[in-house]
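Take a look at the structures listed below.
Next come two complexes built around subunit A: one with subunit B, the other with subunit C.
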Partner chain A sequence: MNRVLRGVLGLLLLAALAFAGTSQQVLAQAGPIKIGAIIPLTGPSGPSGQAMQKGYQLALDEINRQGVLGRKVELIVEDDRGDPPTGAAAFLKLVTRDRIDVLVGGLQSSVSIAVASQARQRPILMAWTGAASPLVEQLLAEADWFFHYHPWQYNNADSTWSFIRSTGAKTATLAIEDGPFGSSAADEAPAFARNYGIAIASTETFKTGAPDLTPMLTKAKATNADVLVFVGFDQDVIPMATQARQVGFSPKLILAAPPGWPVGYEKLAAGNYVAGMALWTAENAAPASRRFVQRYREKFNEDPTFYWAPLAYTNLITVADAIRRAGSTDLNALVAAMKATSYEGPIGVPLTFKRSIYGKNQGFTRLIAFQWQNGKQVVVWPSEIAGGKLLYPAPYGR
Partner chain B sequence: MTGRALVRGGLLLAVLAAVVVLPLWVNRTQPYYLQLSINVLIFATLALSWDILARTGQLSLAHAAFYGLGAYTSVLLTTRAGLPIVAGMAAGAVVAVVAAVLLGVLTLRLRGIYFAIATLAFSETLRVITNQVRFTGAATGLVAPPLLGGHRPSQYLVILTILLALTLVSWWVNRSRWHFAFTAIRANEEVAAVMGVDVVRFKVLAFAISALFAGITGAFYAHVFLFISPLEAYSLAVSVGALVAPIFGGLYTTAGPLVGAVVLRAGEEVLRSTVQRGYPIIYGFLLAAVILYMPGGLAGVWASLAARIPRPARRGARGEPAGS
Partner chain C sequence: MLIFGVLRSGLYSLTSVGLALSVGVIGIVNFAHGEFLMLGAFLGYWLFVSYGVDPLAAIPIGAAAIFLLGGAVYQLSIRRVLRAPELNQMLLTFGLSIFLQNLAIILWTGDPRVATVSYKAEALAVGPFTLGVPQLVVFGLAMALTIGLYAVLGGTRVGKAMRAVAQNRLGASLLGIDVDRIYLLAFGLSTALAGIAGMMITLQLSVSPFIGLLYTLKAFAIMVIAGLGNINGVIYASLVLGLSEAFVEFYVPQGGGWAEGVFFFLILVVLLVRPRGLFR
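Showing the complex of A and B:
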């Protein structure tokens, strides 16, 4: 009898323990799914990071209307300041203190490498928006859990020279700022230009932020090239456009590729017909893009000026979708679900992940070209998503 | 040994034990704090090494140059020549010292703002050259191999050892005849020379010690964060950060730059993770307030507080000057 009683008590105890375990699991399941974001909210890349944060907020509103697997999604944003040590510390805080399920964000290559070196020791699904340097791609070549959204540097160069080729131009002059941004573009240009049959007439340099670009523009004018490829920052494009008119420099096309365009550029008469390269513009005619712009205006009472906002939106939406399809936040299940991603969002190009030169999971691989036409960024290339026609040669005199 | 000295020695040992053991112990559950400690120690090493040069009255903006030279030398030697990382780091420190001696000799006659501009130009020149040369990875930068296989606790002990060595050097400098030579040069070079101080020798020595630790810290940084580019390695922010912490903590002392670096970097991290977007404003206000109202920095405040506490007369005690 005593033995039977002990047996029953033992079974009851086991059942109680099992129940306690299950109820704890249920409670844990009821908590939010935590997604960490590492982006620069301050420092030189602050404006791009702030645009990303807005994109994430829009996505989060949408995701939490229904929830994911019956749970809310919580986004924990860490400012990396564009500083690798801060990025590495932010990663460890998110993973070990906040216990996030997925990591999103990323803009600068140096910060991405610092974060990735930590992530290799603590693998987590890394759905990464930025970092165009191929060094990042090489470093994470074997990382199955690394999903990269932004085109790599060589994709950007390929898009740029492919677009120039499509205009019928035969010669181009490079005007590059003398920092890393311009130097890396200058390094890649000869090979891509040659590949697309474009001769580079000359390469002129300037210091970013310099108020007087006329010496550089006068030298560029003397080359008589069809296209001026201008690689500078936001603050350089207005002096370039106005001073090109002053020195009577009217190539068939001026193509600029700043990370963002300064506020008010659309009102600049001298800036008309200048073309640009970007992942996305607010004039993108895709229905999802129009919806995104409308919601962005409603929520923030302004127009999105950086492509980082729709890219961040795409980033979070696709991660939430992958968690839904995976049915859990288990890393292997998530990786499999992310690999099966097929999403037509605001960027206007379907997003799927494929192998790149080194990496396993590359998202977007092409930039689009637009031309400023009467204050609007009219998408002119590639033809399948073009919203208007490229005015080439640019009708400056009219 | 007096009772007071015993207490001080005991306290020092306790602090030493805490900085060695605490981060490693916390790392078991919270590796975030170990990473923060590494970031703080890098900053503190840069700050204290900059201060050693400042003790001769030279306001240098070349700290980024030595930091970058150390980083690039080590990464190039380990990746291109296959040298072990420790050898690469040592070579990085040596190259930084050689560059510092050359720069020191060239800029001997310059003072004040002219010296600052010359050192800034040196740093910028290195940045532009590195940016153009394909061998150094040009603008794209270089990926560095990890120090000690990327094992963070061991890396922490390495930077802690570097900082402890620098602290000992700084403490010795401020306790030796060098301190009087440095102070005399800072006050008036001509008078110092008349008094028999070898101005050239001491200025170049200060430059060399300062660069040695900046160089090895740059190399350490590269092998911990695994990437260097001209924009970041030779960034003006490195030089400015190195001078802000000693000003905040207390110039020309050993404790001042260390405390300044810890308070600034830890405070910045707290603000960053709590206030987020507006924190640089608060950070800026705090810095401005300290510089305006506490010209001797935190060490100056400590010294004035300590002066108010009555204590028994000391015999031949010689402490470090605070904010002198």
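Showing the complex of A and C:
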């Protein structure tokens, strides 16, 4: 009797456990779709990361108006602080504790390498906005589940030199910060310049944050090159623009490619007519871009100044759309749906994913060129999305 | 090249003389010196952006505000570690530096900001040379303030009291000098000078919470070249650093990258060859 009773109790216990498991599955299905985001909210890249967060908020508002597969989308944001170990820890937390369905975000290459190393051991749909270093591309070369939105460094270089060629310039002088950001540009420049028929007159380096660039600019002036290509960070463009005027250096064009521009740059008279390369600017004339800027202004009472905001918006919108089309959060179904992405959003260029040199799913591959004209970033290249004409030679002091 | 070197030494001198005062009189190595400079720069920026006050005109307000802040920091923290081991003092000022930098990030984000004063990119043509107007102004002001400080230290009762305290704290107190008050004054003055240097940065460059470190490092190099705590040698040491950097930038291929390493090289050479400093 005892044996029978034990048997019945055992069966009841098993049934109860099975029921509990099923109930949990049902509850999990009914709960929100969890998307994790790893972005730098603090540290030197904090402003770009904060812009991304705002882009995500706009996208999330839109997505949750209807929901996805009858469920809400929950975005769990982790601050990587621009620090690779923090980024790797954030990945583990999101995947193991929060049990996210999709990972989005990403800005710096160093953090992306740390996150990618973890992701290779625990594959998940990784819709990654940032990282321009091909090291990340090589690290995840075989990862079918890795979708990369931002152009790679060689895409950036190709766009830059293609734009310079379009101006009719024959010679360029390079001023490049000597850290990882600038040195990779310095490595790539000769080959791309040669491809586009531009002669490099000289290459000078500087330390980012250096307050006085006058000796370097004086040397650059002596080359009499058509274009100054300046690769530095946000704070470096101020001494570059002002001290170039002070030493009387007026090439036909100054082209700078900082990750962002200092607040107030638009009011700097010496900064007028400097050109820049970016994935997007707020002056982009594409209808989706105008709508994005309008909604951004309404929600945050400010203008978007970083392209990271529309890029993050694009990132989350396309992921939500892929989940809808996949009909589930199953990894294989999601990968197939992401591969079929075709989206015309605020960036102004249609987004599809194609093979790159090493990677399987590359999104954007081209930057646009703009020129500061009376406080506005006027898009001047490529011609099909240009909102104005490049002033070349730049009319400094006229 | 000579002109570039001389002009940049002005800002270096203004940054370093305050640190030399702090080391020379109080005997404390203030790692947060660059953060007081950063706060001065933000003060100059906000006064310009919010009220249109030129950073040059705002110097008295900025200097007074940073002096008071420095005094408060001294009373709340520095004073309590004056008799502690040097390592504790350094850790305290290092922590203070991180705290002030992060406070600035929270208050104003990490964005670089530019005060667009009208003469930011102006230059004067003097014969075949062109001299940047903000750099000339900063150089002139730095020289005036540094020489003024020398005059105060050499010719006033307070200055003499500071020198006495620097030479022998106990002896000075036996003579009736209020050592604690002199320390408070010296620290406040040191931070005010850093604040003025920061306001001068708003004339030339952008402002962000991260600008302090570079100037702290250069100020340390200048102090080592001058001799630790040797206020009189700061101008000469600043010239040595400014000219060395300009020389490397101008004559060494891709020298801009090397130039910022010059101060570490100079620290190394001076410590090995003449640890007391070149100008003591």
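Throughout what follows, the second predicted complex is superposed on the first by the 371 of 398 C-alpha atoms of A that agree within 3 Å, B and C clash if a C-alpha of one lies under 4 Å from a C-alpha of the other, contacts with A are read in each partner's own complex, and residues count from 1 in each chain.
The rule is simple: contacts are C-beta pairs under 8 Å (C-beta built on N, C-alpha and C of every residue); 3 or more make two chains touch, one makes a residue touch a chain.
In this text the structure is predicted, and so the values were computed from the model without any measurement.
J.: Looking at the superposed three-chain arrangement on subunit A, would you call subunit B and subunit C a clash or a fit?
T.: Verdict on subunit A: subunit B and subunit C fit.
J.: After lining up the shared chain so the two structures overlap, which partner does A:Thr42 touch, if you call subunit B first and subunit C second: first, second, both or neither?
T.: both
J.: Mind checking the angle subunit B, subunit A, subunit C on Cα centres after superposing, to the nearest 10 degrees?
T.: Once the two structures are overlaid, it is 50 degrees.
J.: For A:Trp161, select first, second, both or neither according to whether it touches subunit B, subunit C, the two together, or no partner.
T.: The answer is neither, since A:Trp161 touches no partner chain.
J.: Tell me which partner A:Ala114 touches in the superposition: subunit B (first), subunit C (second), both or neither.
T.: After superposition on chain A, A:Ala114 lies in contact with subunit B alone.
J.: Going by the contact rule set out at the top, does A:Asp178 touch subunit B (first), subunit C (second), both, or neither?
T.: both
J.: Counting only touches as set out at the top, which of subunit B and subunit C does A:Arg97 meet: first, second, both, neither?
T.: A:Arg97: touches subunit B, not subunit C.
J.: Touching A:Arg245 in the superposition: subunit B (first), subunit C (second), both, neither?
T.: Second partner only.
J.: Quote the smallest CA-to-CA distance from subunit B to subunit C in the superposed model, rounded to whole Å.
T.: 5
J.: Using the superposition on A, tell me which residues of subunit A are in contact with subunit B and, in the other complex, with subunit C.
T.: 42, 50, 178
J.: Would you tell me which residues of subunit B are touching subunit A in their complex?
T.: Subunit B reaches subunit A through residues 29-32, 34-36, 38-39, 42, 128, 131-132, 134, 138-143, 146, 150, 221, 225-227, 229-232, 269, 272-273, 276-277, 279-280.
J.: Can you list the subunit A residues touching subunit C in their complex?
T.: Residues 42-47, 50, 175, 178, 203-207, 209-216, 218-219, 234-235, 238-239, 241-243, 245-248, 260, 262-265, 267-270 of subunit A touch subunit C in their complex.
J.: Help me check something: in the complex, which residues belonging to subunit C touch subunit A?
T.: 1, 4, 7-8, 11, 49, 105, 109-116, 118, 120-123, 130-133, 135, 201, 204-206, 208, 210-211, 214, 245-246, 249-250, 254-257, 259-261
J.: Per the contact definition, I'd like the list of subunit A residues that touch subunit B in the complex.
T.: Touching subunit B from subunit A are residues 41-42, 50, 77-79, 81, 84-86, 88-89, 92-93, 96-97, 109-110, 113-114, 117-118, 120-121, 133-135, 138-139, 178-184, 187.
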